[in-house]
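You will see chain A twice below: alongside chain B first, and alongside chain C after that.
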Partner chain A sequence: MIVEISHFLALLATGLFFLVGCFSFIRSGNIYISNLISRTYSHAFLLLLTSFTIYVWLAITDNFSVAYIASHSNSDLPTFYKISSIWSAHEGSMFLWILFLAAWGFLFNRSVDNEVALKPLSIGIISIVLVGFLSFLLLTSNPFETILPFGPPNGADINPVLQDPALAIHPPTLYLGYVGFVIPFACALAFLINGNTEIKWEELVRKWSVSAWIFLTLGITLGSWWAYYELGWGGYWFWDPVENVALMPWLAATAFLHSISVSVKSSNLRIWTILLSISVFSLSLFGAFIVRSGIIDSVHSFANDPQRGLYLLAFIGTIIFTSMILFVIRLPMIRSAGSIKAFSKESFISINNILFGSLVFSIMLGVTYPLVYEFLFDQKISVGAPFYNAIFIPIVVIASIFLFFSIDSKWQRTVKMKFFAGPTSFSVILAVISVVLCIYFFNTESFTIIASLFAGFLIIHRYIIEIASSIFSKKYINPFSVLAHFSLGLLIVSIAFNSMLSTERAINIKINESESYMDLNIFFKDISLVNKSNHDAIKANFRIEDSFSNSFTLSPEKRKYFTRGQITTETAIYVTPLRDIYLTIGDQLEDGSWIVNIQINYLIRWIWISAVFMSFAGLMLIFSKQRQKI
Partner chain B sequence: MNQIRKKRLYNILLVSLFSVSGISLILYSLNSNLDYFFTPTELKEQNISSDKRIKIGGMVLEGSVFRNDSNISFTVTDYESFVKVEFKGIVPDLFQEGSGVVALGYLNDEVFYAEEVLAKHDENYMPPNIEINNDS
Partner chain C sequence: MSFVLRVLVLIIPVSLIGLFFVLLSTENEYPGADYKIFEIPDFSLSNLNGTNKISNKDLEGDYLLNVWASWCITCMVEHPYLSKLSNNGIKIIGLNYKDDRSDALVWLNKFDNPYDLIIHDFKGTLALDLGVTGAPETFLVNNGKVVAHYQGEVNQIVWNEVFQPIINSKNLSLK
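== the complex of A and B ==
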């Protein structure tokens, strides 16, 4: 009964969103209509929120007459995982995705004045997108479906690899990032439809775009961290298609944030900014299509159903096609009168746009090429890490060098580049010294690693000088830009060190024996059987001693979950600032020894820390803007 | 042709030159980094050079798994042809005899030296291109 109320509220919300969409195309400029649109949207959102809250309540109270809850939750689960089980599969996660989309619209609706010219139309566009996705949810993947007349006594349980705090918050964070870009998208379209070039739509959406970007950055970072400790493979990035479809909107969004910082000041790069705002949201939608249509094989992909894929393809295709047509029609209007001066900040940002665009294009190719190829030639192929490395490393190095030279450039004017002046040459010298030291100490011969290290150090040293000169000689620096780009340097250096130094080996070891690997001495103490409420586990205890005579115990596990019979590996990780000691246990051999995989991962924590720093830079930007307004 | 048009033409030529060379570079690296997927039967039919990285997929033949130190060897089959696979390291949790597997590596003298072995994270997973009649 309660589930029907929830279902009905969702239907009602869909109807109201549809009305909002219709109203918004009445171009009267009448304030009463604007107020009506705003109020109706708020009510529709509150209905949807109530519907979702009831659904969460159903999950918490183990209402297994709801088919979705019955197949993804279990009464033995802690409440936290009962809630997170809602977004552990297709239907529920789509529901959350839509709720977040509506929530961004709601917040935008509340904080922007009704008299702002683009607002009614933007809210209308958001509503149309919502109607499309809500109909998709209710028609093809209804989370409210019930099992009649009686539900099963207990649920089928959530997949054990998903019973993890990082994974419970990873999808919501990522979704908040994905769908947050509906606001720049809707405002850009409203701007194009409206056709008045005097309107500063960029100012309206900048803060929102940065907020969405923060969530996207954190969401990707959380996913990477989770995969590292939970899947037992040890890496932080696998170029899996589903990771790639999250990286594409991130790259496009990063380019968009750079581009909008130009368009806010002057109307230069407006074409780029609008194109990018459309691209970011389109890429988010493309990601939803790839994950939910089942056309790729991936750890992440949900079960496939051709009907869903077709609906999504048609709807997303229509959105992208319509916005592109609109963009092309209005192209002459948004062409900026002023030209960009050579070596100005704008010129560097347009180069940045081109480089980021190439990265997005390459990933898109890597994701779609196997699909097209199989369709045409009936031969399965896959595109792996070597392709992405071959593209990313050179482009990131080139982008870093442009970034390095852009630091001294000024807005809207040419400043003569002083290649041999203080900070520039000084940081080049420091970077060369750092790289030479790395080659000397670590004997690396790989050109790609040397080039990446050089690029990373170049940025880091240059920004350290910049920070120092702001402290000692009160030079003005833009703190957000400095922090974000410094983190980029840190990220590049951490990735380079990680791939240069990290090693792994599988060893066979018996109880009470010891083995040595690199500077570590590994002693196999014992192995025990552990019985937990929902799984049995084999828990091995290792005593490890490193060259600084630190000694610690690591206990990797192998678990067997009762409800699904699934076997999972629990890694044991010893974390130090510079490196992780990462242990997983494999099978037992006939002679009684166990296979143990040991990895030493250098600077891996710093990869995630850099990403967190980047999002922190975004956070600072948002709050600083607000303060200026007040 | 007047000056403005000439300049515009040069700009267009320059831009297209850059984008064409950029795209061909990307396509070139895509083409040299593709992993082709084969079933054991397709592997027998085609001649694949030993320096080409490929993916093979099929079922792990029952009774074919042997371990020696941290090396593991097993036979992948589509129940028509068979390929012997050698691998050093830990196989995934879901790797077992009679279930699906995908391996990435090099074929040399009819033995497949795997660099990576994957088992799908799904109990019902069947490697592509293999259809087994459950009734028989």
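== the complex of A and C ==
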């Protein structure tokens, strides 16, 4: 009964969003119409929010007459996981995705004045997108379907791998990032439709774009971390198709944020900014399509349903196609007024846009190529790390070198590049020294690693000099840019060190035996059976000593869950600032020894920490008072 | 320049969208199904209890060969349907794949045993020869020849769409 109220409210919201969409195309500029649009949108959002809240309440109170809740939640789960079970599968997560999309629109609606020229149309465009997705939800994947007269008394058993705090937070964070880009998208389209080049749409959307970018960055980072410690994958990035479709909007969004910082000032690079704002949201939609159409096999994909895929593709295709047509028609109008001077900041940012564009294009190729190949030759192939490394490493190194030279450049004017000036040559020397030291101590011969280390150190040293000169000689620096790019340097160096130094090995070891691996001495103390309420576990205890005579115990587990019979591997990780020692336990062999997999992962924490620093730079930018000066 | 940009901006998304339309609409609805015909390779493996050896000559006539394991979750989902087939008199041979013997026996005790005979393929050698990539997979065998191979869970829909047409056309009797 209550679920019908929730269902009805969602339907009502869809109707109201539809009305907003219709109103917004009355181009009167009349303030009453604008007020009407704004209020109707707010009401529609509140209806949708109420509908979702009721749905959450149904999940908390174990209302298993709702088919979706019955098959994805269980009465024994803690409340926290009852809530997160809502986004553990397709229907519910789509509902959340739509709610977030509407919420960004709502916040935008509340904080922008009704008299702002582009607002009514932007809200209208957001509403049209919402109507499309709500129809998709209600027609093809309705989460409100019920099992009558009674549902199962205790619900279903949910996958233990999904019962993890990081996973409960990871999808919502990522969704907030994906759908947040609807605001720059809607405003760019509104700008194109409106056709008045005097309007500064960039200023309107900058803060929103940065916020969405922060969520996207954090969402991807959380996913990477979760796969590392819970799935037992033992790495931070796997070029899984679904990781790739999250990385594409991130790269496009990063280029977009750089581009918009130019357009805000001088209307230069407007074509880039508009094209990128459309691309970012299109790529987010493309991600939703890839994950939900079942076209790609991946750990993330939801159940396969070709009908769903076709609906989504038709709708997403219409959105993308319409916006591109609009872009092409209006292209002459948005031509930049001035030209870009060589070696100005703008010129470097356009180069950056081209490089990031190439990265997005190559990932797109990597994602689609296996599909085309399978279609043509009926054979499955996978495009993996070698392909992406071959493309990413050179482009990132080139981009880093351009970044290095861009630090001394100025807005809108050519500054003669002083290659032998103090900071430039000094940081080159420091970078060379650091790389030579690395080669000497770690004996690396891989050219890609040396190049990446050089690029990373170049950025780090250059920014350290920059920070020092701001402290000692009061030179003005842009703190957001410094923090974000310094983190990029840190990220590159951490990744290079990680791939240079990390090692792993599987060892066979019996109880009461010792093995040594690298500088570690591993002693297998004992193994015990642990009986828990919902699983049995084999828990192995290892005593490990390292070369600094630290000694610690690691206890990896193998769990077997009763109801699903699922076996999960619980890794044991010893974390230090410089390296992780990562143990997983495998099977027992016939001679009584156990297979134990040991990994030593260097600087892996710093990869995530740099990503968090980057989002922190974005956060600072949002809350800074002197936004105009940047 | 502007012309190139216009063309690129339109062509890239349009070709991508077109590509996905083609892929989605022609996508085999049962991507796990394969109808290549080949002979069951020679093998000699023990049964699940470890009491007898089983080889090609013990398998006669038409039957289903189901690859399963106690560690496989989808096998558990599939299991009730296999029991139903078995109750309808259909002959199902089990191929226990890379599994611990005692785990497998406990599993069968718990969920009931739909198999006429179970081959214990601990090392996965026979499965490798058959082209098995995981569990569950099901083969339809006609006089020592595989005539259909399905990767993934067999249920009523898959049965009707993948197996039944071949059973009818070749007039197989799986009793």
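Just so it is clear, the second predicted complex is superposed on the first by the 624 of 630 C-alpha atoms of A that agree within 3 Å, B and C clash if a C-alpha of one lies under 4 Å from a C-alpha of the other, contacts with A are read in each partner's own complex, and residues count from 1 in each chain.
Note that contacts are C-beta pairs under 8 Å (C-beta built on N, C-alpha and C of every residue); 3 or more make two chains touch, one makes a residue touch a chain.
Fair warning: this is a prediction, and the values are worked out from it, not measured in the lab.
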{"item": "When chain B and chain C are modelled together on chain A, clash or fit", "value": "clash"}
{"item": "Chain B versus chain C as contact partner of A:Met324, first or second or both or neither", "value": "second"}
{"item": "Which of chain B and chain C A:Gln412 touches, first, second, both or neither", "value": "neither"}
{"item": "Touching partner for A:Thr584 - first (chain B), second (chain C), both, neither", "value": "first"}
{"item": "Which of chain B and chain C A:Phe289 touches, first, second, both or neither", "value": "second"}
{"item": "Touched partner set for A:Asn597, first chain B, second chain C, both or neither", "value": "first"}
{"item": "Chain B versus chain C as contact partner of A:Leu310, first or second or both or neither", "value": "second"}
{"item": "Chain B versus chain C as contact partner of A:Thr368, first or second or both or neither", "value": "second"}
{"item": "Touching partner for A:Asn194 - first (chain B), second (chain C), both, neither", "value": "neither"}
{"item": "Touching both chain C and chain B, counted on chain A across the two superposed complexes", "value": "564-567"}
{"item": "Chain A contact footprint on chain C (complex, rising order)", "value": "2, 5-6, 9-10, 13-14, 16-17, 19-27, 29, 70-71, 73, 76, 107"}
{"item": "Residues on chain A engaged by chain C in the complex (per definition of touch)", "value": "271, 275, 282, 286, 289, 293, 295, 306, 309-310, 313, 316-317, 320-321, 324-325, 327-328, 331-332, 364, 368, 371-372, 375, 564-567"}
{"item": "Residues on chain A engaged by chain B in the complex (per definition of touch)", "value": "161, 232, 297, 299, 358, 361-362, 365-366, 369, 379-384, 386-387, 390-391, 506-508, 558, 564-569, 584, 586-587, 589-590, 595, 597"}
{"item": "Residue ranges of chain B touching chain A (in the complex, touch as defined)", "value": "22-23, 26-27, 29-30, 33-37, 55, 67, 69-70, 88-91, 93-94, 104, 120-121, 123, 128-129"}
